[in-house]
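First subunit A sits with subunit B, and in the next complex the same chain sits with subunit C.
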Partner chain A sequence: MTDVLVARELGRYYGQVVGLNEVSLTIGPGVTGLLGPNGAGKSTFLKLIVGEIQPTRGEVAVLGERPFANQRLFRRLGFCPQQDAVYETMTGFEFVAFLLRLHGYGRAESRERAERALGRVRMTESMHRRTGGYSKGMRQRVRIAQAIAHDPELIVLDEPLNGLDPLGRREILDLMRELGDAGVHVLISSHVLHEVQDLTEEIVLLHRGRLLAQGTVPEVRRLLTSFPRKVEIEALDPRRLAGALVPWEDVRAVRIDQDAGRVTVETADADRFHRRLTALAARDGFGVRSLESVDAGLEAVFDYLVE
Partner chain B sequence: MALLRTTLLLFSAQLRRLLLSKRMLICSLLCMAPVGAAILISIVADAHEDDVPAFELGWILMIQGTVPLVALILGSAVVAEEVEDRTVSYLFSRPIPRASVLLGRWLATVVVLELLLFSSAEITFLLLQRGAGASEFALPAGMAAGMRNACLIGGLVYSALFAAGGAFLKHPMIVGIGYTFVVEGFLANLPGQNGSITIQLHLKSYLAGLGPEVLARMEELAGHQDLFAPEHALRRLAFVLVGALALGCWTVSRRQYLLAS
Partner chain C sequence: MARTNTELYRRYEGELRPNALRFLPLFLAGVRTATKKKIPLLVLYAVPTIATIVYSFVVYAKYAAEDMAVSIGGIEGMMSMFAQRAMVNLEVKGQIVELNHVMRLFSLLAVTWFGSGLFAEDRRLGAHLLYFSRPITRLDYFLGKFLTVSFFGALSVMVPGLVVCLIASWTSPDWSFLKEEGDTILRTILYSGIWITLTSSIVLCVSSLASRKTFALVGAFGFFVLNFGLGGVLSLVDRRYLAISVMMDMRKLRNWIFEIDDDWRDLVFSEAVAVSVIGGVIMVCLLIIAARLRKLEVVA
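Right after this comes the complex of A and B.
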């Protein structure tokens, strides 16, 4: 089956600010979760996918097409943006029907599809009220309805569960699962892992504009915990300390900075390394003054998402 | 065909949205301001048994004041409103020519703008004409209609210019206010050819074509200015109108609008 999305060295900068940096990935069919803390670059990535903005560097193909201002692609794509914005003078029904008419549907079919889509997000009762009077959750449902109303092949949802109560979240997740089961590709962003984990095992993890990991949730967890970690140790006798560390099986590399009195170690098992080093320092001295895990943040990101 | 269809769809949606907007309320109040001013001036002139200089006041109140201001408020919002409200994502992720967003919304704006300006101009000139009575200040025959037409032509051209500005400027209102007061308000009133880049001078040229009496009045108003032939002025205004719309459409089709989350 063809890939839904292919990105090669995709980058987007906002002046001096990096929104997304050298992201290369392939997303296959089905439901995929896009995860990352706030500011990770998720929205930038999705805006690039739906052609709202263009890459500063690299390229992206969605359903085999370049997205920016691509009308051919937009027929096959549904997008639910993150921003809480709708036409407030329209009713929910008019809003969805109007956007369907822009898709080229006739008046009768637009009305029929709008009614069906709003029914799927449980908005039938309130669909003839003005959106200006809707709660945040109701607006979110209407925005999801407009993304699915034209039966797109790919649905891109930017934080679609924001503003929804627990029941609403469950209903929308069920709808996404239903769409996924029906063969629709869904790309859904969130900063909370368990929300997406209920829907799919396949996740893409972004952090600080970079692709951190991609795969199933257990794969990503394994990958992150098995990353070689850098540990910086300040010691009075760095050369002798380095000599003692080299034979350890979890130590991948050791670098000595004699002048700074520092040893930088790359270890495959940070927890075990810390335990053994503590014992070693207590037994043999070496004048260990400080110890710092340079890139412990990776696990922290994952922990943050799991919380 | 797609361009025409989506332009009409966006036109009808925007017309309704505009009629229910605060912007519409502000513009209606602005269009009532010259009417109010004309009433006030007539009352004061009556009390002092003076005649109202209908042409001069009509020019300042309507063509130099209300027309560019109302066109700025409505015109600059044509594209900018969708960006500020962050609803443009819905339109730009649809299979439509992006230019139709500008064209459809501008057409709806023009319908509302011209209705407002027509009503305001008709009432204002009627009141000023009554205040002038049969004095030397009264508007010559056909002059009131000519000035009303100048208001409508000015509204069309200004709105297209400001709509184009709204498509590529980050703060179209601020730039528009600067343009209205500095370029159109000041430059257009300098003697000589300084005002030839302004819409105001072209509207003056159109009006001067109505007769030598009008031309003489205008020279009294702002000194001697090198005016264009009326047909030439109208052609240039049409060129500015089409050029501004084309530039706006081109910008909308290519520009990336960054929306706040």
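Right after this comes the complex of A and C.
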């Protein structure tokens, strides 16, 4: 299957300010999370993808085409910007239908599609009210509805979960998951890492305008060899277990919490450690009850990367 | 493993419209959005509406009085019919010119009110991000906004003039107004068209530079006041400097377009100068708008 997005040494400068700097990456089909703290260059990257701005240097191809001012490509893209972007005097329905008209859909088709898209984001009941009376979350839903209403092949969402309550977030994430399952490519940016981790393992990490990492979370974590992996083990006899682990060559540090019955181990080779621990527990006991990698998650990976 | 779900994801099978008139939905949406607030409409269009009705009635009354004079005047009255009719037609034309001239001020209010936010608010809200990720060009975007603001300007200045022309044509005996002064209709369109283009360009230009509608409102009015004031002050040095004021230029153009003698002798500059100043202002405004729209996503 062809790549959804290919960027080569992509850069965008705003005068002296670097928005994005020499980003080279390839994004494949499916759902991909674009992560990074505020000011990382996520929005600049997304604007380059949807053809809002031209790169200062390098190039980007989206669905095999250059995006800037590419009207043919725009039909295949759906974009949900971070900004409010909604006219307060229009109803949600009018707003989505109007944007569909800009795509060239006829009146009846626009109305039908607007209704369906708003239904998908659970806005059917409120869609004929003016957006001025909407909550922040409802406006966000309308923005998402306009991005999916023309059934694009690639949906680009800039911080789409902002302003949504937990239930709303869950619904939108479910919708993105459904779209991904249906064969739509989704690129979703967020600075809230765990939300994206729930949605997809494929991530692109940006920081200060540069590409920090790309791949699945476990892949990226494995590459961070300078940071030992932390493993928490709950055991009936933590002190004896710690004593058995200390001589292992890949173990860098062992901390015992006797009261909690827990041993925290830092290891340079997590896979080997897990194999050996399984064998040790089977042979000598120690009453091992649970085993957990505490810094293999996205949050920890990100912290290590930006350190 | 990807799978397809046609109920959720439905690819469009029909024919999308060609790109030619992509600005029309923007224009229609702009008008629809602006007309949702009724109070500004009421305030801005009450006077033009009343003026149109009054002028229409006056024009109707003039022709009715002329008819009566002819019918009670017998042969003598019939002989002077053509002379009277020509005089009335001229009077009616004068009234249409006056209506056009007065209504341009209300048109300025309407254009400024409805046009100030068009670019400024789009940028503030980020709505342009939605437009430019769709198959419309920046020219479509500009045309959509320009038509929107021009529409509201035309409602104040062009439509009243044309309505009165229409009334004059219908009520004049034997369509005499249309036959003798029919070109007044075209002159009305030309004069009000220039005014609408000028004011729309200025207001949209200020809107493209401002970050909020309020600032654009102040800026647009400020431009007209300063421009008028500057022309007035500099004319104390040399009367020709009055041409700096676009209001004075429009007055000069009015005299030229409608072929009327203005007893106000201060307009010592030529029509060519007036056209140059107005054309120059429009051009500069359009260039600024083009530059700002080109960088809209950057300056947002």
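One rule holds for everything that comes next: the second predicted complex is superposed on the first by the 225 of 307 C-alpha atoms of A that agree within 3 Å, B and C clash if a C-alpha of one lies under 4 Å from a C-alpha of the other, contacts with A are read in each partner's own complex, and residues count from 1 in each chain.
What we mean here is this: a residue touches a chain if its C-beta (ideal position, glycine included) is under 8 Å from a C-beta of that chain, and two chains touch if they have at least 3 such contacts.
This structure is a prediction, so every number in the text was calculated from the model and none was measured.
For the composite obtained by superposing both complexes on subunit A, the positions of subunit B and subunit C are in clash. When the two complexes are overlaid on their common chain A, residue A:178 makes contact with subunit C while staying clear of subunit B.
Legend: residue contacts after superposition of the two complexes on their common chain; A:102 is shown touching both subunit B and subunit C. Contacts of A:29 after superposition on the shared chain: subunit C is touched, whereas subunit B is not.
Subunit A has more of its residues touched by C than by the other of subunit B and subunit C. Once the two complexes are overlaid on the shared chain, A:146 sits against subunit B and subunit C alike. By the document's definition of touching, both partners, subunit B and subunit C, reach A:74. When the two structures are aligned on the shared chain, A:85 is found in touch with subunit B and with subunit C. Judged by the touch definition given at the top, the superposed model places A:162 against neither subunit B nor subunit C.
Stretch 222-230 is the one of subunit B that runs into subunit C, the other listed stretches 42-50, 132-140 or 222-230 having no clashing C-alpha atoms. Overlap of the subunit B and subunit C interfaces on subunit A comprises residues 14, 50-53, 69, 71-72, 74-75, 77, 79, 81-83, 85-87, 89-90, 98-99, 101-104, 146. Subunit A meets subunit B in the complex at residues 14, 43, 50-54, 68-69, 71-72, 74-75, 77, 79, 81-83, 85-87, 89-90, 98-99, 101-104, 146.
Across the complex, subunit C meets subunit A through its residues 2-5, 8-12, 14, 16-19, 22, 25-26, 29, 32-33, 36-37, 125-127, 129-137, 297-298, 300. By the touch rule above, subunit A contacts subunit C in their complex via residues 14, 29-30, 47, 50-53, 69, 71-72, 74-75, 77, 79, 81-87, 89-90, 94, 98-99, 101-106, 109, 120, 130, 146, 150-151, 178-184. Subunit B makes touch with subunit A in their complex at residues 2, 5-6, 9-10, 13, 16-17, 20-21, 85-87, 89-98, 253-254, 256-261.
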